[in-house]
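In the two complexes below, chain A is the common chain; its partner is chain B in one and chain C in the other.
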Partner chain A sequence: MNSIRLAFSVYGQYIRVAFASAAAYRLDFFFTQTVMLAGSLLIPLLTVLIYANGEAIPGWTFHEALLAQAVFMLSSGLCAPFFHNVVWTTMERVREGTYDLLLLKPGSAVFTAVAGSFGFEYIGQLCGGAAMFAYAAARFAPIPAGGAALFALLFLMGVLLNLGCVLMMSAVCFKWVGNSRVFEIYDAVTLFGRYPVTIFTGALRAAVTYVIPVAMLGFFPATAILGRTTAQMAVAAVPCVLFAIFGYGLFRHMIQRYQSAGG
Partner chain B sequence: MSPSPNLSENSNVETPRRVSAGAATGADTDANTSASANAGAVASTGADTSTSVGAGVVAVAAAGIRIKIRVILAIAASTYKEWAAYRTHSLVSVFVGPAYFLTQICIWRAVYSGTDSIRGISLDAMITYYGVTTLVSYLTMDFADWNLQMLIRTGKFTTFVLRPIHHRLFAFAQKLGHRTLGLLFEFLPALLIFVFIFHMEIAPVRGGYFLVSVALSYIMVFTVNYSIGIAAFWLVRTDGLRSVIKLLTSVCSGALFPLLLLPDALQRILFFLPFQFTAYVPSMVYTGTYRLGTFSMGIPQIVCVQAVYTATALVLSELLYRFGLKRFTAAGV
Partner chain C sequence: MSAPERRTVLSVRRLTKEYVTHERRGALAATLKSLFVRKKITVRAVNNVSFDVAQGDIVGLIGENGAGKSTIIKILTGVLFPTGGEVKVLDFVPYRDRSRYVAHIGAVFGQKSQLIWDIPPMDAFRLNKAIYAIPDSAYAERLERMTALLGLERVVGRPVRTLSLGERMKCEFVMAMLHRPRMVFLDEPTIGVDLLAKENIHAFIREMNRDGVTFILTTHDLEDIEQLAHRVVILNKGEKVFEDELAVLKRYLGDKKTIRVTTKGPLPPAGEFLRPGVALFESVSEKEVVLEVNGAILPMSEFLARLWEFGQVQNISIQEIGIAEVIKAIYQEHA
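Our next item is the complex of A and B:
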């Protein structure tokens, strides 16, 4: 119990440091937050334009499509400050050869890497996602308890998938040194999760549902709220867990093999 | 594509030094030689007429231009070699671009299942639009803003103030080198994927104008980004401002969707703003028709308008640079 309390305390300190660092350049911080907020609200812009021009994504009303994208935004917004900087931190530290300093700190290397990478600059994205989700979900209130519970579970699966992907990308940074574009691959893959998977056909739909289940980032949790539960949800949850486990294992493995060559 | 901080930093610290050591010194030598040769030529003929003086001036100017071109090519070649060491970074685009394109195809095929045309745009035209904007972005992309703000913030810009070449020209030469690499490792592989996998037809209606439009877009993207970088003279850190402008550009340039999908009033406003010239106009020139809001014009006309906007942007950027330079204190050196 004490170790958990200590972990939270350490995490809190890291968040405080991240805030102090972000607040050093206040104007830049303000711009960044504004952009993050506005940028996250732009994700559904194409959907808005499609429906504003009198067209539709087949089988989805405007508010249903918006809900799917809002869940995606909330999921991305929640993961960004907590996980995303792990990739950048790992990339920079490995390139500079300063990853040793992180390993010298007491405690789990993975925990230190994640906690020490808290990204205050992503708070705007989280706020944007939360606001959009509140707006979209309010259209379907009251949400039945069963639907809400299923939503929470599937949403958690999406977070696990996200965490697994981030840890895998971070692990890759130990070998693919200094590649700042690794996140673009992640963005390109998760792009398929921004829209209802019903727009995809054949192998592509199977891939985004079961192989890299980005459908879990928005589509499946949203359908839980809408009461459209399917067996696919349960099947898609398995690879999400596997992604998280594999990502954790790979990241740990790469830390153990780290040789501090760049310093 | 976001720049790699380490690579960008290298390309501004190490590469320029290497280049300047050779190219700039060579430029000085050549300039002096040329000037001396011309002065000697004028003296030997005893030319005291305005014609011979004029010819001398022209010759000096021509020599200056030749030297500038050599310097630009040297910097571009150096930048190309530096970034070529990271070819796999460029190859990420071979996955990212087609993935984005595939998503758009799926979205629009689903949306068009119930209609033939949206705002006068057919499904084929919509898919072509996304293909062209994706390909053009490979050619025009740059991060001059990131580089310049980094140089100013760290004080490394000092070395550029001392060099016998305008930093803008230096940065532009770097872009030439970097995008030549982009042409080989991003544009061409993506083009092959678009043609052979997505069966996209590559046939601009007016090829010559399309090339001019892409070239102008290339300069416009650079000029806008460079101007954002100049803001570091005042703000030191410009990450936030860069993000704001990039966000505005992504929406208003037509890179995310055809601007014709926007409300008419907004289209009319966007017609007068420079954003459309970075993505929307080249794509429209490719298709052979241009309209935005209530404005409709021929391809030669819109390319002329694009040229005027690009020239204006260059002038404004230079003015901004001169004001900004007065504030530079080389803090951090």
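Our next item is the complex of A and C:
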């Protein structure tokens, strides 16, 4: 219990430090948050345009499609400040040899890597995701308790998938130093999670459901709110957990390969 | 009655560290070729090094660039895994027990900062307070003591980027020692720091050492070593070439002294002075010369008597051989 309280206290301090760093330059702080917020709110634009032109995603009303995207935005908005900087900070610190300083902190190296990379610049994205989700989910209120619980569980699976992928990408930075394009590949893959998987066919649908289940980032949790859950979702939860476990293990293993830099 | 034996808190046995890197020549063709094929080379940064450190010691690790000092420090702090050998510090194997071990040590890396560039050091101190779970009262007491010792009272609230190098380095010491570590590793802690700040840092280290903290220090600044170290380990190309008390290092070249002689008129030919036990160190001008006298061959009283016979001496200054000369001689022996 004490170690959990300590972990929360340390995480809180890292967030405070990230806020203080971001707030050091006030104009940049406000400008960044505004751009992030506006940028995230533009994500559903394509869906709005599709439905405004009388087209539709088969089997999905406008508000249902918007909900799937809003869940995706909430998921990526939540993961951005908490995880995304881990890749960049690991890459930079490994290249410069300053990862030493993180390894000098007691406790789990994975925890320190994640907590120490909190990105306050993404708070605007989180706010945008939360606002869009609140707007989209309100259309389907009241959400039954079972649906809400299932939504929370599936949403958590999406977060685990994100965390696992981020840890894996960060872990490879210990071996392939300066692997700066890796995150863009991941970003491109997760784009498939923005839309209902029903628009994909065959192997692609299987890939986004079971191989890299990006459907868990938006579509599956949204269907829980809509009460359209299927057995597929339970199966897709398994690779999400495996991604998190594998990412954690790989990161811990690859830290041993860390070579630092010359003095 | 002999002094009580001090406990060994750090033990290094046959430590070896190799790493693989690649090399290429400078030409464009070689750069293009390196996109596809790279020549890998294995560098042995540390080779079969053993030494011990007792509780409360200040041990200096000295060596040229690339001698392996920083690599050893990184292994001792649990940052790097060794290729071979055994290391035990405070009853931990640093690289294996890293997450628990590092709670008992501190480190200051002169070229890597633990402070956060855009915000005041105080924020980073608070972060360490949370990480090391330092109780409020202990934190306040230690922070007050350390900032007073280092003269940082008016500094800790200003953004790090506005501080001078000396102020930043002093804040690094606070950062490294707030959790009251039993052992502290210092890797070039005074690099680029001015004289007054350096004196302040030396005094701080001595004060902490009096509290029982053991220090391992690597530096190119021999003043750090002379001011602080009790013992010295000298490394050359990854191998240990000397390990003993600082006083023993100073006597390493025997009973030698450098003597600067200034005369009223031109000096006589070198042969007048140079005899067994006397060597010309530097000929400054026609009226000034620096000689190196080996007391084991020519007693100092005899040398001075001969010098006096010359009758033209205006000034004499006698100095111990500096440790820089001693270390240079040790490197040359092992070249």
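Everything below uses one rule, namely that the second predicted complex is superposed on the first by the 260 of 263 C-alpha atoms of A that agree within 3 Å, B and C clash if a C-alpha of one lies under 4 Å from a C-alpha of the other, contacts with A are read in each partner's own complex, and residues count from 1 in each chain.
Assume a contact is a pair of C-beta atoms (placed from the backbone, for glycine too) under 8 Å apart; a residue touches a chain by one contact, two chains touch by 3 or more.
These figures come from a predicted structure and were not determined experimentally.
A.B. asks: Sharing chain A, do chain B and chain C clash or fit in the superposition?
C.D. replies: They fit side by side.
A.B. asks: With both complexes superposed on chain A, which partner does A:195 reach: first (chain B), second (chain C), both or neither?
C.D. replies: It touches chain B, and chain C stays clear.
A.B. asks: Per the contact definition in the header, classify A:138: touching chain B only (first), chain C only (second), both, or neither.
C.D. replies: It touches nothing on chain B or chain C.
A.B. asks: Quick one: classify A:55 as touching chain B (first), chain C (second), both or neither.
C.D. replies: first
A.B. asks: Have a look and say if chain B or chain C is in touch with more residues of chain A.
C.D. replies: Between chain B and chain C, the winner on chain A residue contacts is B.
A.B. asks: Pick one for A:17: touches chain B only (first), chain C only (second), both, or neither.
C.D. replies: A:17: touches chain C, not chain B.
A.B. asks: Tell me which partner A:176 touches in the superposition: chain B (first), chain C (second), both or neither.
C.D. replies: Only chain B is touched by A:176; chain C is not.
A.B. asks: Touch check for A:27: first (chain B), second (chain C), both, or neither?
C.D. replies: first
A.B. asks: Pick one for A:206: touches chain B only (first), chain C only (second), both, or neither.
C.D. replies: The answer is neither, since A:206 touches no partner chain.
A.B. asks: Answer with first, second, both or neither: which of chain B and chain C does A:39 touch in the superposed model?
C.D. replies: first
A.B. asks: At the CA centre of chain A, how far apart in angle are the CA centres of chain B and chain C, to the nearest 10 degrees?
C.D. replies: 80
A.B. asks: Which value, in Å, gives the least CA distance between chain B and chain C in the superposed three-chain arrangement?
C.D. replies: Superposed on chain A, the two chains' closest C-alpha atoms are separated by 6 Å.
A.B. asks: With the touch criterion stated at the top, can you tell me which chain A residues are shared between the chain B interface and the chain C interface?
C.D. replies: In chain A, residues 25 are touched by chain B and also by chain C.
A.B. asks: Which chain C residues qualify as touching chain A in the complex?
C.D. replies: It is residues 19, 65-66, 69-71, 74, 77-81, 98-100, 102-103, 105, 107, 109, 111-114, 116-119, 123-124, 126-127, 129-133, 159, 187-188 of chain C that touch chain A.
A.B. asks: Mind listing the chain A positions that touch chain C in their complex?
C.D. replies: 6, 9-10, 12-14, 16-17, 20-21, 24-25, 97-101, 103-109, 256, 258-260, 262-263
A.B. asks: Give the list of chain A residues in touch with chain B in this complex.
C.D. replies: So the residues of chain A in touch with chain B come to 25, 27-32, 34-36, 38-39, 42, 45-46, 49-50, 52-53, 55-58, 92, 95, 176, 178-185, 187-189, 191-192, 194-195, 198-201, 204.
A.B. asks: Chain A touches which residues of chain B in the complex?
C.D. replies: Per the stated touch rule, the residues are 1-7, 86, 88-89, 92-93, 95-96, 99-100, 102-103, 106-107, 109-115, 118-119, 235-241, 243-244, 247, 250-251, 256-257, 261-263.
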